[in-house]
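What follows is a set of structures for review.
The two complexes that follow have subunit A in common; it is paired with subunit B in the first and with subunit C in the second.
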Partner chain A sequence: MSFGDAVDLVIGASVLVVAIVALTVRRRDTAVVLFLVFGVLLATLWARLAAPDIALAEAALGAGVTGALLMDTITSSRPREAASSRPWPKRILGWAGGAVAGGAVLVALVAAVRSLSEPQGSLAQSVDEDMGRTGVEHGITAVLLNFRSYDTLLEVAVLAVAALATVSFIQRQSPAPPEPWPGGPPLAVRGLARILTPILLVVAVWLLVAGTTRPGGAFQSGAVIAAVLILLHLGGWTHAVPQGRWRGWGLMVGLIAFIGVGGAGAVVGAGWLVLDPDWAGTIILALEAVLAVAIGIGLATIFVANRTDVRPGGDDT
Partner chain B sequence: MILDVVSAALIALGCVFFAAGTVGLLRFADLNTRLHALAKADNVGLGFVVAGLLAQADHPAIAAKLVLIWALALFAAATNGHLLARAETTEGDA
Partner chain C sequence: MNTAELAMILGVTLAVVGSVGTLVIADLLRRVVALNIASGGVMVVLIALAYRVSPDEPDPVPQALVLTGIVIMVAVTGVALALVRRIEAHETAPGDDDREGET
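Presenting the complex of A and B:
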């Protein structure tokens, strides 16, 4: 067993341990912090598996945006609920049932993976061969935005629908978004927002452009843009995340742009979502830019809508 | 070769500081002292790890990105520490 294998084993074991502890600890804020640690360890694991795009996405979205959502939820002004008080026999039964089911699924998965033949490598090879026609030089971006762009279109649609659903659900309970800080944002947060916003915007644009030749792309850039919008919202610029009239447009702009590109391909090009090789690079970059902004607005809207629910106006205990 | 030794030494020193910060997190009495351990020891450890990696960087852009990562971690840790201590103080008063 080489040193690399030992490191992989340690990271894999710690991912399992952190996941189990995060699910079983009694205090909610401990569970959320352990979930953040889990996200970071998982990103390391993806990097060890030579999948840097997924590692970036996991770190930005899993540990970043989801962590912000969970942190915001548990620090709400609702009274902390007591630790769960189910009787012990039921808990042990639940544990045993979960362990048996998990073990059965694990055995089935291992058997299925081992019964697969050696990968022929033809799929990755055909991606490399046809890369010249796609307009980008990075395999993942070529697959996401050109070869299988229909899947990405559906992912963007899912995000838009999720954001709209969150917003419309929260809307019923309190129409106006309250101030994030009752007494105004503290100087540390205002200062951090001022310092980080230009840096993070440069990082977001860099991730976007880097996606054409190396790990990066629209989703990672969108997560950074979401972080910028959330930071601005918390720093006092509550209009950073679109509210009111502009919110619907902000959430739908990515989907509209994507369908527009596909439709333009159908009308004047070779077909629905088929990109002409001469224009493909430019179209992909422009589309990714719009997608990054749309993803950022969608995620930030979910975050702000979550805050609106837990702090009803005028409830200062 | 000499660069590898320097990198290993610096990264090992950084790990020592991280371990010290973790011991402080586990053993200190209350929130403020724990924040002190995290904000100081962990960031110095990160600085040493980044310094060790700087010796391995083969392009100035990579070195600049590493230093930027350390600076951003410093900002985040400072703001988080301040907000956590502030929340505990206001909670205690109210």
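Presenting the complex of A and C:
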């Protein structure tokens, strides 16, 4: 067993252990922090499994934005007592039943995994062969933005719908968007926002352009843009994330632009979302920029909507 | 048993453990965490499938699926947390319902 294999084993075992502990601790904040550790370990595992794009995205989105959402939910509600409301026998029965059923399913799935036949790799071959006419040199970008750009369009739509759903669940007492901090943002947060915003914007643009030839692309760039918008909102620049009248437009701009590009392809080009090999590189870069902004605004809107929720019990943090 | 198979077994275990957690855990926020862990497990399986094809040049199609899946998972978590807040706000102050006064 080489050193690399040993490292892989340690990372894999750590992922499993952290996940199981995160599921079984009683306190919410411990579970959330352990989930953040799980996200970082998962990103490392994916880097070891030759998926650097996914590692970037998981570190930024899975551990970053999801962690921010969970942390915000914990700190803005009253601390819950660890005592469960269900009686002891029912809880043990629930866990035992779950363990038995889960164990049976696990055995079946592991057997299925062991009995998989050799991979054909035909899809990877097709991607490789047709890469020349996609306008990019990176496999994932070609798949996401050229071969399966329809799936990416639907993903933008799902994000917009999710942001609209989150916004509509939130009740507020006054119609005006409230300040994120009751007494003004702390000095540390304001200073951090000032220092980090230009750096993160440069990183976001670099990730966007780098996606054509190496790991990177619209999704990772969108995650960094979401982080910038959230940071600006928390730092006191509440107009960074569109609210009020502009919120609906902010959410729809990515979707409308994407559909516009596809429609333009249908009208003047070869078909709906078919990219002409001569123009493909430019159009993909434009689509990626629109996508990154749409993802950034969508995720930031979800975070801000959750944060502006009325706190039960009037507990302002 | 090579790396890809081990990773797939890990992914399947995470998915099952996370799914059981989603169904059995009573606390709503921990349920959302369990759902995220389950989806992480499914993603590990997909990445392992991509790795299996060739460790040097992994299959980009499952990786693209996972990338889209991560973004959608974050959005779904956001919606789920908004629902959690609504449910818990209602539980702490149940009298705020509009249909108060039913016998």
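A few remarks follow.
The definition used in the following text is that the second predicted complex is superposed on the first by the 297 of 317 C-alpha atoms of A that agree within 3 Å, B and C clash if a C-alpha of one lies under 4 Å from a C-alpha of the other, contacts with A are read in each partner's own complex, and residues count from 1 in each chain.
Convention: a contact is a pair of C-beta atoms (placed from the backbone, for glycine too) under 8 Å apart; a residue touches a chain by one contact, two chains touch by 3 or more.
Quick caveat, the model's predicted, so the values are computed rather than measured.
Aligning the shared subunit A places subunit B and subunit C next to each other free of steric conflict.
Within the superposed three-chain arrangement, the count of touched residues of subunit A is higher for C, of the candidates subunit B and subunit C.
By the touch criterion defined above, A:270 lies against neither subunit B nor subunit C after alignment on the C-alpha atoms of chain A.
Contact with subunit C, but none with subunit B, is seen for A:98 once the two complexes are overlaid on the shared chain. When the two structures are aligned on the shared chain, A:10 is found in touch with neither subunit B nor subunit C. Once the two complexes are overlaid on the shared chain, A:31 sits against subunit C while remaining clear of subunit B. In the superposition on chain A, A:188 makes contact with subunit B only, while subunit C stays out of contact range. Fitting both structures onto chain A leaves subunit B and subunit C with a minimum C-alpha separation of 21 Å. Those residues of subunit A lying in contact with subunit B across their complex are 186, 188-189, 191-192, 195-196, 199.
If you check the complex, the residues on subunit A that touch subunit C are 5, 8-9, 12, 15-16, 19-20, 22-23, 28, 31-32, 35, 38-39, 42, 45-46, 49-51, 53-54, 57-58, 61-62, 65-66, 69-70, 73-74, 77-78, 80, 84-86, 91, 94-95, 97-99, 101-102, 105-106, 109-110, 113-114, 116, 119, 121, 123-124, 127-128, 139-140, 142-144, 148, 151-152, 155, 158-159, 162-163, 165-166, 169-171, 219, 222, 295, 298-299, 302-303, 305-306, 309-310, 312-313. Interface residues of subunit C, counted against subunit A in their complex, comprise 3, 5-10, 12-21, 23-27, 29-30, 32-34, 36-37, 40-41, 43-44, 47-61, 63-64, 66-68, 70-79, 81-86, 88-89, 92-93.
Every residue of subunit B that touches subunit A in the complex is listed here, in rising order: 68, 72, 75-76, 78-79, 82-83, 86.
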